[in-house]
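So, here's a batch of structures to check.
Across the two complexes that follow, chain A remains constant while its partner is chain B and subsequently chain C.
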Partner chain A sequence: MRNLLPVLSVLGALLVLWYLAVAPMNIRVALDQVERGGATVIPEGSVERRDVSVWRLMAQNSAHVKTGYALDRPRLPTPAQVGQELWKTTGAMAMKGRAWSKRSLIYHGWITLQSTLWGFFLGTSLGIIGAIAIVYSRVAEMSLMPWAIISQTIPIVALAPMIIVVSSQMGVDGRGFPKAIISAYLCYFPVLVGMVKGLRAPEVSQLDLLKTYDATGLQSFLKLRLPASVPYLFTSLKVGIAAALVGTIVGELPTGAISGLGARILIGDQFGTPLAIWSALFAAAILAGMLVTLLDLTQRLALRRMGMQA
Partner chain B sequence: MSALFAALVFWGAAWALNIWLANSRFSTTRVVRLVVPVLFGVTLLVLWEGIVRGLNVSVVILPPPSMVAQTFAASTDILWIDFVQTVLKGALRGFIIGFLAAFICAIAIDRSAFLTRGLLPIGNFFAALPIVGVAPIMVNWFGFDWQSKAAVVVVMVFFPILVNTVQGLRATEAMQRDLMRTYGATYTQTLMKLRLPAAMPFIFNGLKIATTLALIGAIVAEYFGSPTRGMGFRISTGVGSLSIDLVWAEIAVAALVGTTFYGIIAWIEKRVTFWHPSQRG
Partner chain C sequence: MAQAASGQKTSERVSDPIVAAENLNLTFETNDGPVHALSDVNLTINKGDFVSFIGPSGCGKTTFLRCIAGLETPTSGALSVNGMTPDEARRARAYGYVFQHAGLYPWRTIGGNIRLPLEIMGYSEADRAERVTRTLSMVDLEGFEKKYPWQLSGGMQQRASIARALAFDADILLMDEPFGALDEIVRDHLNEQLLKLWDSTEKTICFVTHSIPEAVYLSTRIVVMSPRPGRITDVIESTLPRERPLDLRETPEFLDIAHRVREGLRAGHSYDG
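Here is the complex of A and B:
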């Protein structure tokens, strides 16, 4: 809680900066618009204005600066505009009972969330299985670990269109599956690394103690290694879920998806509606925040139940 | 079918060899440490080749690696043009600008404990966001050429590097800082001789994360509009015109560049942070 005041003041400063930036970013569009409305603008004609700096334009047309704060298609919308658009496409629609309409961000967020969770589930399982293999088998460690690292240096987006082509050719229905593959690809790595660390966290003396108890390999795995890895697991799950969301949105961007938050960004770009892009971006940010917070709460709860304070 | 069978036999043989190597008394030598993963990678390629040939998978869906290699060799001129456009102009410039901006910001923030406490949680939050989504906005602001790609890369790499640098600058112990004070060291001297060197492992951690992000950003931004060259451009048009072998050649370039980029940063890290426990031994 002692971070609350600094965080709020930094956020406030960012908001002020944003508001200040709106004026120079939008001045050209605003002047074009008022000129079409019949007002006189110095200098006349948008071609003439192209070579004049925005600061000079703002000084010479100070009466029209405020138009830039209420444009329909701004280059940079104000925070208030983004907030209104966000509310219009989520809360307001939900209150009218149209939360699942195709224009509602709740619907698109749900599509993205589904793929994210599938990818998260897939990636986490892969990561945990891989980590167990690496901890217990020397061959697996020597052959898998370098490739796991290399796999993360490959820009997955380059593969995204290919994954979609291949999966549609193989007759897999829907766009959810390729998106889940991409998000699993991004999300398995932090889980793998965290779990390898976690499963190796017990000290030699603890492992030796179990040996003196004549514990089998499975018993020492279930009673020592697995519980010891839980704090590591949760930390990497939080990184993993954020990566999975990034993966889903990356999977939606270049592939002509029609639903999902990434698709809203794509469609907003194609139809020239910046407000749609910005509201989808913020919806994605809110979704990421909610997912990470949820995992954080689960972590605290689980660790408290297990007697390990987070 | 014989191709598939041969691939499976190769897989079995390579797996057995790997098991033998990993459990042999040479398993800690440098050569074996290199051979085992390479053999694993080659096995994957052979399996891919065998499955594609054995099951007669159409070239339009998945070309065999041998064909990708041929295309790669035949179209090095195109690949080079795309490499210059995407990597050298877009990703690298964005990476350098983003790193410098984040580094300077971190040093500035670090002077104020209040700002540090305010910015760390926000920076951590931003680093977890799907920032690639700003790509269309940047293309709209900065035009189709490399400037917009560099801008996306700057935004993407900024937060991971910022957060890591700020954390790194706080990594010194009170005892070490006190020692500097007893020496009568100025702020700059403490920064240059104690806190920056101590922050290096953290900074390089951020840089390593940023290498992949830089390539992702530059490629995604090209999906939203680019001049008629660039890796992202070639991939998206290649998928449309079914020249899948060229797309895979581009993917191979992306993989090579990503690995090399990471390798270079890791190599520099080894030189700079030779004193750190993780680099010794």
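Here is the complex of A and C:
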């Protein structure tokens, strides 16, 4: 509860800023609309207005500023409009039993979620296996680690179309698989780095102690390194799942996909419906928030069960 | 002087030595050139001895303990533990090691921590439970089996780590400044407990410490070491009785031995750096 006040103040400030920004962002569209409706606008004609700054337009046509808050196709929708659109395409449709309609964000979110989870699973597995190899083998550390770092410097938007082309060449049907690969590509890195740190977390004296017991390598891995890495694992899983979601959405953008939140964003852009873009954006943010919260709860539960809640 | 002392010891006791070091050398190669951590160390430790190693930092006391444990390999010289090489002794689980920091696993209960070596060494489930109960009572921690380390004080954690070293039947207990991080009052109490434990279990204990009173109070023999190169400068046989109440530390006999230890430390160390 103590944290709620600062969080809410920041949220409130953002909303105020957003509402303030709507006026200058939408003034041109609003003036065009009221002019078509027969109202007098200074200066007349949208070509005339092109060279006039939005501030001046707002000052000269102050009566029409409020129109910018209720446009059908605004440059920048108001938070309330986004909220209404979001509700219209999720809750309202679900209540009418049309949650799985192609126009429902629940359906598109589910498509995105599936790829995200596959990518997360794949990326996490790769990250953990890579970390184990790096911690136990100097050769792996020297050969794997630089490539892991280089892999993250390549812009994913450049790589995504290639992955899609390659996977379709290899005869993989559907878009789920390449999307999961792109998602895994973004997600494995934080898990790899976190797990390397986690598996190396035990102190030298703790490793020495196991040596005095003449413990095998497997025993010291299972009884010391693995449990010691659990807090690190969860921290990197939380970063990883968010990255996996971003990866999936990026994977949906250049593929000409027609379903998924990324496809909604792209289609909204192509058809000039900013409301669709914004609501898909918020749906993605809400989805990411839910996934991270879920992992956070799992982490608390796991650490408490392990007795590490100090 | 070390050789003289050990010679005297073997003449009064015929049993096989638990630890025998002969002309032991250990040199670490560092970027600043070689560091002589141990130089020509000769020492014999007999069964049932309580030997303390005392000296300033860098005198090689911890390094020597680690050599006995097989955690470091001497550059030259001979070292035997229980008649074996240190590495064989380690594989035979001949000793329990207590580090300066208790190093309990935070994700295991106290009982779980004591069970750790038993699990690794393959003791049966019933045997483990019995040993955990027994060793917990040896260090006065009955009823703490289900507690987690963070729920215990530093002194209790260190007692739990001693219990962990006692849980399997090693005859030798190697302790590297086990009470170094604890305050004076807790330390006194644990010293007294450790002596009782030593008396009742007849283990051989090698104990590294910084504290002169602690060394004198606990030991049957005190090995005084000095740095650069790490070497033994004196071995003092304690004349104190086996039964040692805490107020023994005010007797002239105790102070006399403490004085000799201090003299030994001063002789071996020029305080130049």
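Everything that follows uses one rule, which is that the second predicted complex is superposed on the first by the 309 of 310 C-alpha atoms of A that agree within 3 Å, B and C clash if a C-alpha of one lies under 4 Å from a C-alpha of the other, contacts with A are read in each partner's own complex, and residues count from 1 in each chain.
The rule is simple: a residue touches a chain if its C-beta (ideal position, glycine included) is under 8 Å from a C-beta of that chain, and two chains touch if they have at least 3 such contacts.
Owing to the predicted nature of the structure, the values given are computational and were not obtained by experimental measurement.
After overlaying the two complexes on the shared chain, residue contacts for A:Q114 are found with neither chain B nor chain C. When both complexes are overlaid on chain A, the residue A:S46 reaches neither chain B nor chain C. Using the contact criterion defined above for the overlaid structures, shared-chain residue A:G268 touches chain B, although it does not reach chain C. Contact with chain C, but none with chain B, is seen for A:K211 once the two complexes are overlaid on the shared chain. Comparing chain C and chain B on the residues of chain A they touch gives the larger count to B. When the shared chain is aligned, chain C comes close enough to touch A:Q219, but chain B does not.
In the superposition on chain A, contact is made by A:L144 with chain B only, not with chain C. Once chain A of one complex is fitted onto chain A of the other, the partner contacts of A:V250 are limited to chain B, with no touch recorded for chain C.
Residue ranges of chain A in contact with chain B, taken from their complex: 2-3, 5-11, 14, 75, 138-139, 142-147, 150, 152-159, 161-162, 165-166, 169-170, 239, 242, 245-246, 249-250, 253-254, 261-262, 265-266, 268-269, 274, 277-278, 280-281, 284-285, 288-289, 292. The part of chain A that touches chain C in the complex is made up of residues 203, 205-206, 208-215, 219, 223-224, 227-228, 230, 306-308, 310.
Within the complex formed with chain A, the residues of chain C that make contact are 69-71, 90-91, 93, 95-97, 99-101, 103, 105-109, 116-117, 119-121, 148, 150. Those residues of chain B that touch chain A in the complex are listed here as 15, 18-19, 22-23, 27, 32-33, 36-37, 39-41, 58, 60-62, 114-119, 121-122, 125, 128-130, 132-137, 139-141, 211-212, 215-216, 219-220, 223-224, 231-232, 235-236, 239, 244, 247-248, 250-251, 254-255, 258-259, 261-262.
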